[in-house]
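Submitted below is the structure of interest, expressed as structure tokens.
Chain nomenclature is as follows: A, B and C, assigned in order of appearance, with residue numbering initiated at 1 for each chain independently.
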Amino acid sequence: VDRVASLSAADESSLSFLANPIFRRELAKTRAGVVVLAPEYVDECPVDCLICANPYATFARIAAMLHPRARRAPGIDATAAVAPDATVAATAFVGAQATIGARAALGERVEIGAGSVVADDAKIGEDTRLAERVVICSGVEVGRRCTIHPGAVIGADGFGFAQDEREGWVKIPQIGGVSIGDDVEIGANTTIDRGTIEDTVIEAGVKLDNLVQIAHNVRIGEHTIMAAMSGAAGSTTIGKRCMIGGGAVLINHISVCDDVMFLFRSVVTKSVDKLGVYSGVLPAEEAGQWRRNAARFRQLDGFAERLRRAERELRALAGKGAS
Amino acid sequence: VDRVASLSAADESSLSFLANPIFRRELAKTRAGVVVLAPEYVDECPVDCLICANPYATFARIAAMLHPRARRAPGIDATAAVAPDATVAATAFVGAQATIGARAALGERVEIGAGSVVADDAKIGEDTRLAERVVICSGVEVGRRCTIHPGAVIGADGFGFAQDEREGWVKIPQIGGVSIGDDVEIGANTTIDRGTIEDTVIEAGVKLDNLVQIAHNVRIGEHTIMAAMSGAAGSTTIGKRCMIGGGAVLINHISVCDDVMFLFRSVVTKSVDKLGVYSGVLPAEEAGQWRRNAARFRQLDGFAERLRRAERELRALAGKGAS
Amino acid sequence: VDRVASLSAADESSLSFLANPIFRRELAKTRAGVVVLAPEYVDECPVDCLICANPYATFARIAAMLHPRARRAPGIDATAAVAPDATVAATAFVGAQATIGARAALGERVEIGAGSVVADDAKIGEDTRLAERVVICSGVEVGRRCTIHPGAVIGADGFGFAQDEREGWVKIPQIGGVSIGDDVEIGANTTIDRGTIEDTVIEAGVKLDNLVQIAHNVRIGEHTIMAAMSGAAGSTTIGKRCMIGGGAVLINHISVCDDVMFLFRSVVTKSVDKLGVYSGVLPAEEAGQWRRNAARFRQLDGFAERLRRAERELRALAGKGAS
């Protein structure tokens, strides 16, 4: 095999996989060269298979070997603007129209995509890749082996204003930074604000999807993952290995412990100190209960009618009882 | 007439229109040179009018004639970075600070705005316009006559990771592309991710507003329109001529048939195979029923009280009955 | 004191503050040189204090003095692309890879960050700062002393299409502009669309957080503040000094009077003409009532059961009564 493909599109030279049982029907018909799957599906596989405990992760590793990302050859494009006192490793690549600010530092094998900006005093760790048109604001520190997708903005001012009778809003200077750990991935057009006084912190292994908003002074624990359009308001602390669903938001300066999952579009308004799956709003609640309540919501208009009728009948009965 | 204006601001040299009945009151007072309107409003129009079945579409066409967008003169700005093996049509325009990657191809009359990036191997069809600072990632194909607004990112990696006990999250290489049909419009800071193995597909005539998120492997059918801040999670299939309201999201790998409308901020979690208007959550329901339920939600605290009282009275009556 | 710090991190040379009572516990333990606080907390402060009516605003002003933002030295970077007929004040700064379009005008002490684009005919008022990679589209006017954060897009086309049987969607030309008042702050990757015919207007002192969407023809009154991921759909009018919570949206061409607050993720679908605090959906309601209803939502599945039981008992009682 020399490439990966879906079960249905695979041919003899393709490797495919079965990780989600909803694709089981396609397994019986596949013409893949090899299928990566868990032991329980071996009998259903019409072709060669590679049996393992975690087929999705195994597939991921094989796919990365079959389809390695092309590395940019080291060097600085002639159209890039690199400050004379910036430090750029000899093995780093700086793309067309990129800007590297004063005293910024790019580690070994760093890749800076076309049009990206690494502002003054920012530091980019070894093997990290900024895609096209990323902005790393001044003083931000990014770890090693990170991937930052186009349009992401790391280190803009946090949203802090004091209300004042005379002047409207007085800006609170945002003098903290942003610290991004190793092996972090940050999606397209996602925004991570710098801290007010101390740093906003994204720990190692965190994965953020597109259009995510991380406000000032947030701390996100190792290996936590946040899906698209989710957000953490100012001073939220999120534990390790949490999973935040699409569009879910955490507000009110709360803390969330390790290993918590919030379903899509949850609004989390109170701290959570017990691992589990949560959903809904004000505050998020255990997911099973929320699903039942949400299902009942669809019957709400009917309930109102039934309640009114029950009350009427009660009055009638009470009238009889009183008579 | 030589320009367009609203009914209230129009003067003798302006063309105006009545498409939404809520502006009917302004018709009687207008001083426009001509008003485009439907036959039923002719009697209320104090000035010349142009009668047609679809005044809004007619107005759009006349407005485009009176206010044509200035085309950029062909040529490549001196500050643009164009790879030597890129193909740029002689009639195309490449703006300041733009980057055109290796083997990329720009068709006839393409316009690339200032600071935009067309990465390696990407293809831009005839008459398509990228506004300022758009990113078209490597290998993405954009059709003809498209408009892509500033900050949009087409073709960043999809969000795919396999969970692994030892390593946290293992990235699934995203080796598919993005295919954008003809006559597509994509809003500012909208993100469309590339497919995992096959392409993410946006069919002809689709219109996406600002800050929309389209995840990997999504397919959007012809002439579907999605309002601001809406989104489609991974592997969603949306039919033709659908209308997705602002902030609405589709999740769970679902399919939606043609001609479906989802109201603002719907959360669609199950496939829809019948045309209609839907709203709400888990799964989206027929819109009229949802509106009634949502109205009842506002009375929910009162219901709880009434239910408690009814139960108390029942116990009292039952006690009497038993006695 | 020569810097600011949080109560817990402050040392003798730091100034700190107490504005939110939830940090009161940290006051007793602080080692700050000076603490800015309200008179009622003086007795609890173990160190020197600066007493004032509005400690947060006072702190903001002192912090701005202790940590002034470094101004860029005037001048145009060698890699910037400035149109020959643009007007750039001698005291203005234009950063690396920036683009200034034809007939654009930059006032005194304006700063244009790396990679930003000021398109043709746009005007930037005195002392305004564009951070990195901002897009100001053609003809947009920005006031004085504004701050616009990275990735913001001001003046992309509004989302306007007329439905047409034959052609799908016909674009309505968006020929209005955007007018931004003085002292406005606009967050990272926020989008503000140009008007269809007249201008979209952001009045003086407005503050917009990250990833906010402002559609065409919106008007936002002075000193209104909108938190992250909130939005105003086309033709919304918002009064002065309003506070729009994170993720809240206003739709349906509505008007909101001065001094209204909408809590996080409200969906406002009807005009509001009375100052107050609102929340929830369809239309937003007074916040206290909404909180009660939302709390009841968590009991909804239980209500359904209780209602069914009450109905059964009623039938039993009625049966007895009838016999």
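The rule is simple: contacts are C-beta pairs under 8 Å (C-beta built on N, C-alpha and C of every residue); 3 or more make two chains touch, one makes a residue touch a chain.
Because the structure is predicted, anything quoted here is derived from the model rather than measured.
Which angle of rotation, from 0 to 180°, maps the CA atoms of chain A onto the equivalent atoms of chain B, to the nearest 5?
120
Between chain C and chain B, is it the same set of residue numbers doing the touching on each side, over half shared, or a different set?
Shared-number fraction below one half, so different.
Nearest whole angstrom, what separates the Cα centre of chain B from the Cα centre of chain C?
Once rounded, the distance between the two centres reads 23 Å.
At which residue positions does chain A touch at least two other chains?
79, 97, 115, 133, 151, 189, 211, 229, 295, 297, 299-300, 303, 307, 310, 314, 317, 321
For a test of understanding, state which residues of chain B touch chain A in their complex under the given definition.
79, 81, 97-99, 101, 115, 117, 119, 133, 135, 137, 151, 153, 156-157, 159, 161-165, 167-173, 175, 189, 191, 193, 197-198, 211, 213, 215, 229, 231, 233, 249, 251, 253, 267, 280-282, 285, 289-290, 292-293, 295-297, 299-300, 303, 306-307, 310, 313-314, 317, 320-321
Spell out the part of chain B that touches chain C in their complex, as residue ranges.
Residue positions touching the partner: 4-6, 9, 19, 22, 54, 56-57, 59-61, 63-64, 67, 69, 77-79, 95-97, 113-115, 131-133, 147, 149-151, 183, 185, 187-189, 205, 207, 209-211, 222-223, 225, 227-229, 241, 246-247, 264-265, 291, 294-295, 297-301, 303-304, 307, 310-311, 314, 317-318, 321.
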